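Each in structure tokens, the structures are laid out below.
Both complexes shown next keep chain A, but they swap its partner, so chain B is in the first and chain C is in the second.
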Partner chain A sequence: MTGTPTAQRMAEAPPARRVTLAGVLRQPLLGPLAALIIAIVVFSIITDSFLRPQNLSLILQQSVVIGILAVGQTLIILTGGIDLSIGAVAVLGTIVMARTNDASGSFLALLVVLVLCALIGAVNGGLVTSLRLPPFIVTLGTFTILYATTQLVAGSATYQVPDGPLTVLGETFRIGGFVTTYGVVAMVLVYAVAWYALSQTAGGKHVYAVGGSPEAARLSGIRSNRVLMSVYVLTGVIAAIAAWAALGRIPNADPNAYQNANLETITAVVIGGTSLFGGRGSVLGTLVGTLIVGVLRNGLTQAGVDNLYQNIATGVLVIAAVALDQLARRRNR
Partner chain B sequence: MSLQLSGPSSAGRRRSLFAGVLVVALVTTIACGGSDDAGSSVTSAASAATSAAGSAASSAAGGATSSAPDPDAGAGVTIGLITKTDSNPFFVSMRETAQARAEAQGAELVALAGEFDGDNEGQVSAIENLVSQGVDGILITPNSSTGILNAIEQARDQGILVIALDTATDPEDAVDATFATDNTKAGELQGQWVKATLGDTSPKVLMLDGTPGGTVDTFRHDGFLAGMGLTNDSPEILGMENTNGDQTKAQTAMENLLQRAPDANALYTINEPAAAGGYQAIESAGLTDQITIGSIDGSCTGVQNVADGIIGATVMQFPSRMAEQGVDAVIAFAADGTKPSGFNDTGSQLITDQPVDGVESEDTTWGAENCWG
Partner chain C sequence: MTETISGTGTSAATRPVVPVLEAHGLVKRYGNVTAINGADFELHPAEVLAVIGDNGAGKSSLIKVLAGAVVPDSGELRMDGQPVSFRTTRDARAHGIETVYQDLAVIPALDIASNVYLGREIRRKGFMGSVLRRLDMPAMRKDSADHLADLRIGIKSVSQAVETLSGGQRQGVAVVRSATFGRRVIIMDEPTAALGVRESGQVVDLIKQLRDRGLPVVLISHDMPHVFEVADRIHVHRLGQRAAVVRPSERTMSEVVALMTGATEPTERERAGGS
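Moving on to the complex of A and B:
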């Protein structure tokens, strides 16, 4: 990695010598993590029900689908792109999974959807790399196409999925007094693999390099198109896993589900401190961002706060997080 | 809630204070000192709270149709209300009435909603969070009549009363009771009025439907045809289009239908926005004298359109009754375990200034006093 000093410096923040504003800003994970802890402490104080194990388990279960999708979104945003189609890919996945399951069994259903979602990712990646179209436009187009395709495939109907391999991620198990689902385990695994790949492998460094400075990456011999293509295909695979988890959570494939998933994943990524300009951030931040949104929604409900105020709180957090990112970029110059 | 210091009347203010404090805390943490921005955002949250409280109070004054409730009946009772979205005036009316009704009896109401029309996952999470909080009852207008069933079952297993408002679940007995408009009857009223207004003229009907497959849409559509004495295969029907109940889509659909059937003389509409869109197209085609428009909803805009002659007649629904009866049912359940059951029609009323023999109706003056939104 000697060829990409800039990207590496941006990706791995140096340890702060003393606590200064600039130092804190260079630790992108610190702000979101502190916000999460404060939210948990505040809700624990003002409500009796928040800190119960079953309630904490609930927040994790509610975060699974968006949390998994947000890993794919993080990968794409790290390359300087954005994926508006990610939720639509997963929803098409749930419909195809349910219908294939009815026709030819669950293992074929999982395989078909895995391949299908990877292919859709490849189409997004192909349009971005070969035609040099902006990812925003490409995925806006595929989002619209996929939404309509999903309605056509579903015939505007919903499909109940019988208990079986397709709903296994919704099944619960117990660790001590803590009951949780296999979907939560799947989410943790996806994050662990993505964290390892991004921070410990050469391929991961290339993702940061392509997003941080495409020109520098090219000059240092990184084949940007190959990196971008793998990121988009991987995101498709992640969407397939999210589709599986979605059927575990609600065993009912619904063509109208997750219409806001693209925005919710971007919210999680941004609150988690990943820069929308690419090259800076981490999946761990995204996990924290996902949990902050889940904790806010759950905790504010426990405190008896209506929906609209919950949305105001989330919106304020997004703007604060992006403002922070802008501030950090200016200071880094 | 461990910080419950004073009586329930200050619940709203305290809640928004919590929200404000929390948002400030989070923003300052994230922004590390960006306190100016945080301050202004809290101000806006607080003023939003004030205006919400104001409109709730005014709607309580305007829409109080039932007997004055006992001010202490609901002390300590918590009720969750989950609407399809939080932007549609129908659900806003429902929410504000429920809020006022709960407050009048000392109960606490938590209003949640799906993020968009059709958002099942958001409603499932809302139910789970309300169950976790330990509410006594949940009132829900389900976005998905089937996708929501598991979550409802879990809530009922915890001993929580679950009531469907406006839209039934499938099967209907998945909830303890349903408080909703009898949409077949509402459709029938619209059909009977249109038929009587046409008199001896042979009907040539166009239909602006809602969403394909929706139960409410099917009930209204079939009810209208029954009221007209027609079936889906009748040659008197010259065309049908789906509008999703959206004014813009309805206008486009009606423009296209009139190209095909310029001699139509009757128009069925799924709701008042569809009627308004249909009227735009009819007016552009210069056919306002030829076509009789019927509709369903009873919003204040719709009633005004009836008064202005844009819509011939509309069938009013009563979201405030759904909300009031739902809140009262939960409070009664919390007191002595009484559970409501089955389908409960919250009523429908034909509103028109051109009454016909054989169909009971009220005029637009009555309509303006009882409309919602």
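Moving on to the complex of A and C:
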């Protein structure tokens, strides 16, 4: 504990991880996590039904589709973009899945939708990288096109999907007294894989670099277009998984379902602390953000609050989250 | 005719050397602005070449061409006498050229170790690395910490984000990155601009070490005492061109400043690029 020798050794030793209050407060995940815990505590107190296992299980199941899509949205937002088409891709996915299933079976249905969604992602990515168009405009365009295409493909009908591989993500199993679905497991897996890829691989670092400081990334020899392209294609793949999970949840492909999915994923990402300016945030934050929205909606329903007030509450939360992000950025400058 | 062995850092003026890196007739225009106006450049083996010039003279633009960050409108580049062309910074890096850019080119939100290894990360050995592509963060942290310790830039932990560092510390990170990976040429664009007296001295020492290892260094600096301390030759840049190359032993600081501003004319030999 004395004098310079120790100090010198400290400087040379591998960095020790010390937990400080300032360090904890700088953790971007902390705010969303606190909000989630507060919401859970409040609803447990003001309603009797909120904390029941079947209600908690319901919240998770209700979060699956938006939760999975929000992973793709996180990837895009981390690159400094935004994806307004993600929900429409998934809805088109459900219709095509159901119709292909009728014609040629479930295996081909899954494969076709996977390839289709990846291709749509590639189109988005191609327009963003090669023509240098703003992602907002590109995905607004594809959203409009996809919405109309979905209506054409569906012919204003909905398609019932028979029980089988396409609905497997809706099947339940129990862990102890807690009943949940394979869809929830799929969601957790998507988050785990995305977390690993973003934090433990070079590709993940490059996503942060391209989104946070595109010029520095270019000077550092990162192929930004490749990074962007992979992110958009991956997001397409994630939308396909979400389409599969959606048929598990409601085995009826409806061209008018998930109308607000785009905005709900952005809400989850932003509430989870990921910056709309790119380069900052995490999928774990998005998971917490998804759960916050789920808990808020469910809890307010349990408390007998009107749907419209729920929307107002979510809107306030989004603005608060973005304001906090701005404040944090200003402090860092 | 004196014969000297290259690599001692004192190549004789009379003996033609093959430059490690050279450029002829570079031109780069941005709309109406001509940033590089027919510039030449020559870097000899194992020398420190200082590049000096007024603000806006085109020094950064010149080295960005050498680093592959800017593709010139015309002109040619050679390494070891062989024509090369760099479309991206990756091409220049592949030729062993490392650069500290004036604006540093670090990613503020990423940690120090990730910044040092950005674009050439180390993966774990075996299955984890080859199939699961997992990064070897401990190795990257240890190496960057060691290199930073060599520079004696006081940084608590290489896991901290670069945005939590001071301007000088950030510069240290960029300098360490170039010194770690440079195999043939190291280019530093004002690497000491944000550094304190002690830290600047450390960077100057590092530049000398690199030269002694046989690595030529291009140093852009406005700090004349440092330039005269460390440079073997001085490339004076003016109005987008090389105005002269002088030897610090043959000119005083005020003479060099006069050359830089155009107040005096260089000798024929200096105008032609020295040796």
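Everything below uses one rule, namely that the second predicted complex is superposed on the first by the 307 of 333 C-alpha atoms of A that agree within 3 Å, B and C clash if a C-alpha of one lies under 4 Å from a C-alpha of the other, contacts with A are read in each partner's own complex, and residues count from 1 in each chain.
Here is the rule we go by: a residue touches a chain if its C-beta (ideal position, glycine included) is under 8 Å from a C-beta of that chain, and two chains touch if they have at least 3 such contacts.
Quantities reported herein were computed from a predicted structural model and do not represent experimental measurements.
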Practice prompt. Determine, under the contact definition given at the top, whether A:Lys205 touches first (chain B), second (chain C), both, or neither.
Written response: second
Item to complete: Of the two partners chain B and chain C, indicate the one touching more residues belonging to chain A.
Response: B
Discussion item. Contact-wise, after the overlay, does A:Leu189 reach chain B, chain C, both or neither (first, second, both, neither)?
Written reply: neither
Worksheet entry | First (chain B), second (chain C), both or neither touched by A:Leu108 | neither
Worksheet entry | Which of chain B and chain C A:Ile137 touches, first, second, both or neither | neither
Discussion item. Touch test for A:Ala323: chain B only (first), chain C only (second), both, or neither?
Written reply: first
Item to complete: Answer with first, second, both or neither: which of chain B and chain C does A:Ser156 touch in the superposed model?
Response: first
Practice prompt. Mind working out whether A:Gly221 is in touch with chain B, chain C, both or neither, as first, second, both or neither?
Written response: second
Item to complete: Name, in rising order, each residue of chain A that touches chain B in their complex.
Response: 21, 24-25, 31-32, 34-35, 38-39, 42, 45-49, 52, 54-55, 58, 61-62, 65, 156-158, 160, 246, 249-252, 254, 256-260, 271, 292, 296-298, 300-309, 312-313, 316-317, 319-321, 323-324
Discussion item. Which residues of chain B touch chain A once you look at their complex with the stated criterion?
Written reply: 1-3, 11, 15-16, 18-19, 21-23, 25-27, 29-34, 37-38, 41, 44-45, 48-49, 52, 78, 86, 108, 110-113, 115-121, 124-126, 128-130, 132-134, 143-144, 146-147, 150, 211-213
Worksheet entry | Sites on chain A touched by chain C in the complex | 11-12, 14-17, 196, 200-203, 205-206, 208-209, 212-213, 215-223, 279-280, 332
Item to complete: Enumerate the contact residues on chain C facing chain A in the complex.
Response: 67, 69, 88-90, 93, 99, 101, 103-110, 114, 118-121, 123, 132-135, 138, 141-142, 145, 149, 154, 156-159, 163
